[in-house]
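Next, two complexes with chain A in common: one pairs it with chain B, the other with chain C.
Moving on, here comes the complex of A and B:
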């Protein structure tokens, strides 16, 4: 028998949802890749902070800079940065393959194909990396 | 996949992601691996110091750091939602993530943009 007062809902039960296990993402390789991709952001934050320390050391003076250099010369630091590099490389590669979905460029009616956008990004990436590397070595 | 519904944070996330994708790999390699291991010689304090007192470079590094942090904040926030199923801690997570990025940005701004050249 339906109550006449349809606003009465004090004891309405919660809608049933299948509980999702916390480690749902370990069940399939596709999920693991997805979560790994998202977790690369941690490496980005990590190195952003390293950069900040680097700039601060440069501003504070030669002593601060050489202290930081000593910290960066330790095996722990090199290992951490190596892991970070792998994660950031994974970020870059997956990011560029996502770029065409976010950036739709049209010339009139013709839409620039995904491959071209990815290619342009890769080209810019290689060019920038080469320039920075070259500047570092020749400075 | 991920819900990226708030345009403001998404814009920060995506520009941060692009800058990070383009610039961070080579910088990590140089600063974190190649120079410490001696594969490449560091330019040295004097030259780097000159570089850091150049305003356009300071602005660029500030943006690189800040937007990278905002990229992390937005992405990590949604990873916690979807990955660890922590949807009931929504507000706390958002505050910690974006708050962290804002804090980092303020610190970076203070250090990088408010120095006076010696």
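Moving on, here comes the complex of A and C:
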């Protein structure tokens, strides 16, 4: 029989919580790809800022615009732009491949398969890019 | 053929040590054995103190989730042959507190699961007169989200859950979406109040690993992204068409 003054203390084992290291994403290839995809947003921002500079130069007149074009033609600028272009291409391709996850398009009962959605997106992208390129060259 | 394979198990005994440490076991290599068979061999023959969860041993209960060579898998579904010649590194599921050895604490998930209200919500409280009708096509809308076995592999694979423990997580959001898409349910507004919080779907950055590791092809990433779309549409509708807020 238990004495009157017995005391039960609830035994709670000490849980082990592993801290997440700051470079957690270097441990797996999938995570490295994910972080690179997120970092491509810097390239997008870079292009946007360059575009703002171009618009400002256009407003200021032909001299300002030709000065800017000279700055953009330097080797440093060309290399930066090439790296940014590769990053933007990676960004676009990864986002298009994720589009079917967000868009569930159904024609009646039939759900449009993932590859078709990705393909249509890519086709529209290439088509619009061609159109814009052709317009800038001919006008 | 008396071949053996080594299992390096990350053990944790809070009564003896505040740190985890690896312990190696030599297990007979049988082509038809899965990792769970090897762990049960260790417990039966080599070291009875090894603690781990398992139940159905056929991939439907979700109890035996562990990290095998850094990947969250169901140990009843991974053959020893895949990792031959080894050694195989076994660790408890990451992003969860470890209670002992390979046993993790999942009360956080249980609380989140309850928060998303994973049951049919009807506007009227009366008992239904007859059955709720559902066509096979309506079933297919949410069927794959209903296949979740709560194995927690997706929570281990999700880096966001590791960095932000308040994140609802892929399984909880997938089961919420399963009820949102069910034509018998009328509680989408109520459920979305929880789902479209900051710690709900908006913490997700679409790493996509949750869907990659899911043993039942639930595709929680798709549930989260489609919820993001519908939640955003509802947000704009709420002030373009406020009369719909009844």
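Observations, loosely collected:
The rule is simple: the second predicted complex is superposed on the first by the 122 of 139 C-alpha atoms of A that agree within 3 Å, B and C clash if a C-alpha of one lies under 4 Å from a C-alpha of the other, contacts with A are read in each partner's own complex, and residues count from 1 in each chain.
To be clear about the criterion, contacts are C-beta pairs under 8 Å (C-beta built on N, C-alpha and C of every residue); 3 or more make two chains touch, one makes a residue touch a chain.
Bear in mind the structure is a predicted one, so any value in this text is a computation, not a measurement.
Taking chain A as the reference, the larger set of touched residues comes from B, when chain B and chain C are compared. By the document's definition of touching, both partners, chain B and chain C, reach A:25.
When both complexes are overlaid on chain A, the residue A:101 reaches chain C alone and has no touch with chain B.
Of the two partner chains, chain B is the only one that A:45 touches; chain C does not reach it.
When the two complexes are overlaid on their common chain A, residue A:109 makes contact with chain C while staying clear of chain B. According to the touch criterion, the shared surface of chain A, contacted by chain B in one complex and chain C in the other, consists of residues 20, 24-25, 34, 38, 102. Touching chain A in their complex are the following residues of chain C: 12, 14-15, 18-20, 70, 94, 97-100, 105, 137, 159, 162-163, 205-209, 212, 219, 221-222, 225-226, 228-229.
Partner chain B is touched in their complex by these residues of chain A: 20, 22, 24-25, 34-35, 38-39, 41-42, 44-45, 47-52, 54-56, 58-59, 62, 65-66, 69, 72-73, 77-78, 80-82, 84-85, 88-89, 91-92, 95-96, 99, 102, 121, 124-125, 128-129, 132-133, 136-137, 139. Of all residues in chain A, those touching chain C in their complex are 13-18, 20, 24-25, 27-28, 30-31, 34, 38, 98, 100-104, 109. Only residues 1-2, 14, 16-18, 20-33, 35-37, 40-43, 45, 47-49, 52, 61, 64-65, 68-69, 71-72, 75-76, 78-79, 83-85, 104, 107-108, 111-112, 115 of chain B touch chain A when the two sit together in their complex.
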